[in-house]
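Note that chain A is present in both complexes that follow, paired respectively with chain B and with chain C.
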Partner chain A sequence: MSSRRSRSRHSGSSRITDDQINDLVSKLQQLLPEMHSRRSDKKSATKVLQETCNYIRSLHREVDDLSERLSELLENADTTQADLIRSLIMQ
Partner chain B sequence: MTMNILPPNSSAIKTRFAVKFIQAMKRLSKRRGMGDRYKRYRATRAAACVSMASAVGPEWAWSRAVLRKIKRRRLLRQFRVSRKRRLIERTTNPRQNLGFGQEEDLRGLVPGGKGMDYCSLLSETAHYITCLQAQVQVMADILHRSSP
Partner chain C sequence: MMSSLLSSSNLAVNPDRSSARRKKKKKINHNPQIQSENPQIEWKSDAQQQIYSSKLLHALQQVRLSSSGPRRVRDAAYGVLAATARGRTRWSRAILTSRLKLKFMKKTSMARRRRKVLTVIATAGSQQRRKSKVGVLRLKSKCLPAFQRKARVLSRLVPGCRKQPLPVVLEETTDYIAALQMQVRAMSALAELLNVSGSSSSSTAQLGSM
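The block that comes next holds the complex of A and B.
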């Protein structure tokens, strides 16, 4: 992991340590959907970044799919805005 | 830059996003030239992403990057810069690193990722993911409530 230290720049007053980076990486790992292994298994940073990229791509695909289906609403605009907002807020 | 990643206040950001997105959709429904199905899809997706970035505000680099991109795109469209010219502008911009690793991939996926130091990239990514999750949840919710 020493390559990380040489790559990170000293920004202003705070020195970026390996510990801080490891902390951030483990926080990312916690965001990943549990698939094959338990989330508590410590993964390598490379693996976490790789799975993070895959996860972001899948989220983008979901947004694409939902956008496509929502865009069909633009054809017939009889859904009133107020009703939608109201129904969302009163949960 | 704060190092701790607080999950965005889920309820607040979802509500802000939902309001902005629905307002944007309403504007889109009144816009002319929305007969093209692909155009409608593109406009809807853009409305969603901009609404989320706007709901997040300027505190995060990724949301600033999204809002800058939209402003630039609108300006270019106003001055009728041709599509060919826009493509040339994009490809001649110098890139920071030509690695093929995961870090490089991540920088390509997170808005504004190319200009961040590694630490910022990691914390911005985490926030970006939580916002994407919220965005997906709200969009799915709106979709289900709009279907008869």
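The block that comes next holds the complex of A and C.
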């Protein structure tokens, strides 16, 4: 951590601060499912990024699976108006 | 006379003589609602999910009419998600732009040639980036190669963020993840709805769910 900070002093021209980055990373960490219940600061930023990438990939896969399922269901569904009515009732 | 004119112009919108700064101040005083408007979409709210679900339903009906398939459903889902974002985020604008480009390029035979060329350039570029340590994300404070590598991977995963600096990528990722979570919730609910209606008798199932 101290090495990172000493390096940031050299980069006087860049306005992006470590604190800013860490703040954003911690916000990201809160979204991840694993750390949802307990918020620990021990996760390194690299680890958070790695888990974020994995999480996004898993979300993409979930969307792909759901689109498969939806396309099958849409082929079998009879009426289209019934879908609309049902979705409105769902509220 | 001049002072009274100036004071009156402070209240009313006078585009002629006032400078740009005065205009901005006037707008702030006059319309405080514009500033307090929340720029970020609250993806967790039920209202947003409802908006997305109804838009998705409309889009899916069009998909049914033309040519169905899981890829069409997926494209529709992402397109509606990007539209629901109201153009506030880079990833949503990137999705919408790429869809427009695809629609335009589909009609020309040059599209296939262009796509091949683009993929060759993209792979060559990404290989070069890996070899040279000075990447697109030139943050001197985060010089650790592992962190930069992950950040670059992340910027490629989130649409429209390939050349963006790290803080932008992180912000976009936060919004993108929240939107994806909502998308999964909405699509699961929709699938459940169609599943229930398709299998058992529709009326009793509806009454039971209510």
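Note that the second predicted complex is superposed on the first by the 56 of 91 C-alpha atoms of A that agree within 3 Å, B and C clash if a C-alpha of one lies under 4 Å from a C-alpha of the other, contacts with A are read in each partner's own complex, and residues count from 1 in each chain.
In this text, a residue touches a chain if its C-beta (ideal position, glycine included) is under 8 Å from a C-beta of that chain, and two chains touch if they have at least 3 such contacts.
This is a predicted model, so every value here is computed, not measured.
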item	value
Touching partner for A:L28 - first (chain B), second (chain C), both, neither	both
Which superposed partner A:T52 touches (first chain B, second chain C, both, neither)	both
Touching partner for A:D18 - first (chain B), second (chain C), both, neither	second
First, second, both or neither for A:L70, with chain B first and chain C second	both
Touching both chain B and chain C, residues of chain A	4, 7-8, 11, 14, 16, 20-21, 24-25, 27-28, 31, 46, 49-50, 52-53, 55-57, 59-60, 62-64, 66-71, 73-75, 77, 84, 87-89
Residue ranges of chain A in contact with chain C within the complex	4-5, 7-8, 10-11, 14, 16-18, 20-21, 24-25, 27-28, 31, 45-46, 49-50, 52-53, 55-57, 59-60, 62-64, 66-71, 73-77, 80, 82-84, 86-91
Touch list for chain C against partner chain A, complex	50, 53-54, 57, 60-61, 63-64, 68-74, 77-78, 139-144, 146-147, 150-151, 153-154, 157-158, 165-167, 170-171, 173-174, 176-178, 180-181, 183-184, 187-191, 193-195, 197-198, 202, 206, 210
Parts of chain A lying in touch with chain B, wherever the complex brings them together	4, 7-9, 11, 14, 16, 20-21, 24-25, 27-28, 31, 46, 49-50, 52-53, 55-57, 59-60, 62-64, 66-75, 77, 79, 81, 84-85, 87-89
Parts of chain B lying in touch with chain A, wherever the complex brings them together	1, 3, 5, 15, 18-19, 22-23, 25-26, 28-30, 34, 37, 40-41, 43-45, 48-49, 101-103, 105-106, 109-110, 117-119, 122-123, 125-126, 128-130, 132-133, 135-136, 138-143, 145-146
